[in-house]
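Per-chain residue numbering starts at 1, and chain names A, B, C, D and E are given in the order in which the chains are listed.
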């Protein structure tokens, strides 16, 4: 049956656009921008179509495509989306579209910029599309070097030089990937005998179910993957790269990095960690919980002290990822689905935040709390954007962040009550620094020198509109998001049942 | 006698030798200061012909032709390496044409020595006994002594040549001593017969094995036998450095594999551990030492030490998967080096060196050389979607499969750490140049042949990185004939 | 006591022979040292400059060529011995081998290495 | 099995005599070896003595002079003895600043290869001290060592002219060793053996190689003369340019050793030419083999001496260029021609 | 009579002398001579093994090749040393320190 390869189109459209732009002469700035925007628009619309068209009753992988790719490694070009990857795909498409529009005013080496940006977007959205571990690795590492270059060339050197920021980010991500690769290969090698090996997610999961992957290997592999994905996810000891990285990056890269790239870590932890290595996940869950708690508290505490808005958002994002990790650590369906939804929420919220800060910075070249005052008087659109994002990060009901956060806490409170309580207190810190920032920057006294800066108009407002629609829409109708996520997480339920009595690092089991 | 020899089997070698003669005569006929274009064209055409011969010889049915009483074997494995060597030399000839014309005084000799090195490598790949291996190795090495020192205007080149010679001849002596001991203990030089005898269980035989390994490690610049590599890589003319990194190393790998797997298979429990340790040390040491280099060629030297470590990592698997990984990676590494040295040679002609300062701001005006260099370096680092990534997957999955999880871990972590020093180069190329920094403003236009080679190398790396099937099948055939 | 044995003895004797020749002369000769006698002889003039001149580069090129030919000889003699047994193959082989050698000589010739400079 | 030669018969008799005194084969062998060595050394010494005299006489004859005529009668027959006594009684002077050990070793070492070459010569059927199967090879390996003592002497004398001479001899020997070796390839190809005796036997059965290999003979002769550093190739000791080359600082018996070696080499060249091209000891039956051998050798010596007093000395560039540009290509050509010729004639 | 062990011993001693020299000498010419010494040790080994044990001529053949290779190695080595002397006026490897970390 030959159907329209819609997922391939979503994956390849940005890449094709990047290729075309690379071949265009560099001086056609407008053409380049419009082409990129068009490509992303196509991808986003197709994503929305898939999202709407996804058969929730049936669940599981849909829109699958399968082409054998490297036979002796067992690699296949196989795409597909389920309830977990579909929201993530939506996230990446939307953020990608917003990122393109946020970069509309880039004037320096426009051609290279959009080529790299499109590659990054294709990489991150592709990572959610593939059902093959090999391609997953390829796509999510493919992002790193273009991101490096973008920070290097178009980044900003505020507190640390952009060279330093770029290098730090890249090396952390890559060394993390080293562990990830190691874990993945360990998994790959031990799942099947030589000759029958495969990188297919489902096949690997089947192998694990059938007991091909011993408990020791599961524990080892999960540990390696935890380090790897943890550094993507900015889990506590591996988070060091992320504030500097975000702060140094150009707006679009901050948006994609914080909004989507980080979520790849979380996504992979579910996809590989839970589906394939449930025993390993069970073993390390307490560690994750503790680290997540540290994430929440420590990062929001640091965020309190930040004056640079970008750093503040960055630390807040680290702290928010702690909630996601907490959701994972609980190892029950409720909290995991909360975590997945929270990733989407968080991605959209952060992207919006960064796009707004980026706009302000682009115009005023200022981004510190002490420097910016009373923007609401001159820039109503910016104010809307800041308010939406800020309130969402507080977890205000009616916006996208609330339901997922709530779900996570519902899930975790019965497993790790103490940690849950401590973590919830992190919200207080968050509320404090976010509100303080909003109060000063937006509603501070009117400062006339900001009057000359224009508000977002026409093109500039597109990220705000696009992201805001989802922010509010999913907040008002959480079912749109949660139902899809639930169908994706549902297959984990029997797995979690199965590992109920498995040993953890604290002992127990058997 | 005449009938007993199957000359088609060595048509590649004969072709190269004949090409050498033709090139030599052409070079002599040309006027002393005339440009060497005819020589280049001739060499390229001849090499293409030889390449076609070699490809035509590639056995789809996995057949192997033993030749000259079994001392010389033409199987998929050896033909694979021959193709690799020819590609390496061919691309070097193409991209170095400009370099040679502008920098070297002995232009014809450059091509001649390249070809003789190629001949040596081909012999090495086909060698099935210690003697042939030795002759091939020396033909290659001695040609390289000349090539390294071929820049008469540069004291560095002469110094590098001397250093290479001193270390190389010392290692040759050690290798030969080991060979003599192995021969003495087994009474034969043919690999298969060495494996059949029991002579190697005696201590003298084991000492011989160790000496042989040490000799090969010298050629592969495995730590702690690497001392020559950085100096030689830095001092040699850039195209020669490229060849040292890709072809010379691959040739060493080719013969090392054959010796280990055909001659000493039953010692594999011993040498596998030995190789694992040396591989780990090389990967860690090579990468760490590369961190503080400020010269690209020198950095690539240390990186090549690490690369040899990666390839050896695959060897510890002692099975078909391991060999296949080595072959795959060696081929990828060739293209990575071609790409890197397209730019580095060009910089050496235009900016007189390959220091980090000489690439500063390169990407601003000359995106093509900068891009080629970047992709090549990322291929060496093994970042997807370059072919280096697939190669590393092959290598480390083979190692993990053989139970060397720690080794693969070291390899992965080091290969990701290595991105740091590759990024230093990329950073210099792409970052904004501040006021007052020394930078050559001129816009550098890569000559057409070099840019073609660079683009081919980049395209190869990216295509194989995404779609590895062709090269995978190609190397599988080689391994299949080798393991029979 | 093979051929090589007698050769070895001959070698020893030949080494001893100069000693035997120098011994009586050592007893016979007069010894009348004078500083003038020990000055290096340069046709009666006092030596000028250092006696250690640099080895001429020209000889070196010849030496390299010589090595090539000498080594070729090592291979050619066994070939010559077996020539009649090997037949046509050997003849053709020799054409190749000596042809390469001649090519090398031609190379040196064209590059001017055969001309004394 | 060849029939017993005259010298061979004498040797057998001697062997029997020794055996009757000491019936141990090893000792007999040893004694016979020493006898052989003594004979060889005798030949060398005699050759030096005779040739010094002969050379002066021939020189005088060619230049229409009288030559030695004071000591020992009208023909000055005792002149060599007088020379020897003179040399014995001369003071041994070592120049200041010389490298003592090297300087002293040089003449001694020079004599060794010169003498050792004689071990391979078949003076008659079976009359070889060391009849090894790689005779030709070993012979040239041994005689090739002669170059080093020259260089040692030149280097150690602390005299720039000596050193220049040393360098020159290196260059010259290097240039002529190649054609020398190549010219003999044809001979070896036809014979199919490296044993000196086989080569002579081959010529006895077919014809002398001077007829089959005329080109090789000429090349060989020129190269051999050049190897012995005789005029017209004697620029090593060209007295008008560099005094006496490496010998400048030697006196007395040390100088005599150089001299001895030179004449030994001269005879070597003659004997080689005889053996390889003139049929060695083979000849009509009415004379014993060694007489034929001696006759031919003496003839060759006379020929070489004739060269010396006929041709002028050449320049260094002429010599080296001639060697490489004429003799080497010709000798390569000779190998080709021999191969093709043998194929055409049908030996192969 | 002289047997295999004696020859091996001589070869080993030669090899060690050469190796020692290779590691301690500073001039290029002595270094090359030491290498030559090592290669000759190998030749002794090869011929001895062939003569006393293997009897298949392979060892002697190898020795022949090794001689040829050694000669060409030395030829190239001398050429390089000569070139270096012309440029740098030294053949002492300790003074070759332009290329270093």
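FYI, contacts are C-beta pairs under 8 Å (C-beta built on N, C-alpha and C of every residue); 3 or more make two chains touch, one makes a residue touch a chain.
No experiment lies behind these values; they were computed from the predicted model shown.
Looking at chain C and chain E, the chains that touch each of them are B. Path length between chain B and chain E in the chain contact graph, taken as the least number of steps between touching chains: 1. If chain B is removed from consideration, the chains that remain connect by touching into the groups A | C, D, E. Centroid distances built from C-alpha atoms place D farthest away from chain B. Central chain (C-alpha centroid nearest the global protein C-alpha centroid): B.
Across every pairing of chains, the maximum count of C-beta contacts belongs to C-D. Of all the chains, the one whose CA centre sits at the greatest distance from that of chain C is A. One simple way to say how far apart two chains are is to compare their mean CA positions; for chain A and chain D this gives 93 Å.
Averaging C-alpha coordinates per chain places the centre of chain A 80 Å away from that of chain C. Per-chain CA centroids place chain C at a distance of 14 Å from chain D. Averaged C-alpha coordinates give centres for chain B and chain D that are 52 Å from one another.
Multi-chain contact residues of chain E (touching two or more other chains) are listed as 72. Within chain C, contacts with two or more other chains are made by residues 63, 70, 87-88. Residues of chain D in contact with two or more other chains: none. Per the contact rule defined earlier, chains pair up in contact as A-B, B-C, B-E, C-D, C-E.
Those residues of chain C lying in contact with chain D across their complex are 1, 3-7, 9-11, 13-15, 17-19, 21-22, 24-26, 28-32, 35, 37-43, 47, 49-53, 55-56, 58-59, 62-63, 65-66, 69-70, 73, 76-77, 80-85, 87-88, 90-91, 94-95, 98, 101-102, 105, 108-109, 114-116. Residues 8, 11, 15, 18-19, 22, 28, 31-32, 35, 38-39, 41-42, 45-46, 48-49, 53-54, 56, 58-59, 61-62, 65-66, 69, 72-73, 76-77, 80-81, 83-84, 87-88, 93, 96, 98-101 of chain E touch chain B in their complex.
Remark: chain E residues 64, 67-68, 71-72, 74-75, 78-79, 82 touch chain C in the complex.
Residue ranges of chain B in contact with chain C, taken from their complex: 1-2, 21, 24-25, 28.
Those residues of chain D that touch chain C in the complex are listed here as 26, 29-30, 33-34, 36-37, 40-41, 87-97, 107-108, 111-112, 115-116, 119, 129-132, 136-137, 157-164, 167, 170-171, 174-175, 177-178, 181-182, 185, 188-189, 192-194, 243, 248-249, 252-254, 256-257, 260, 316-317, 320-321, 324-325, 328-329, 332, 335-336, 339-340, 342-343, 347-348.
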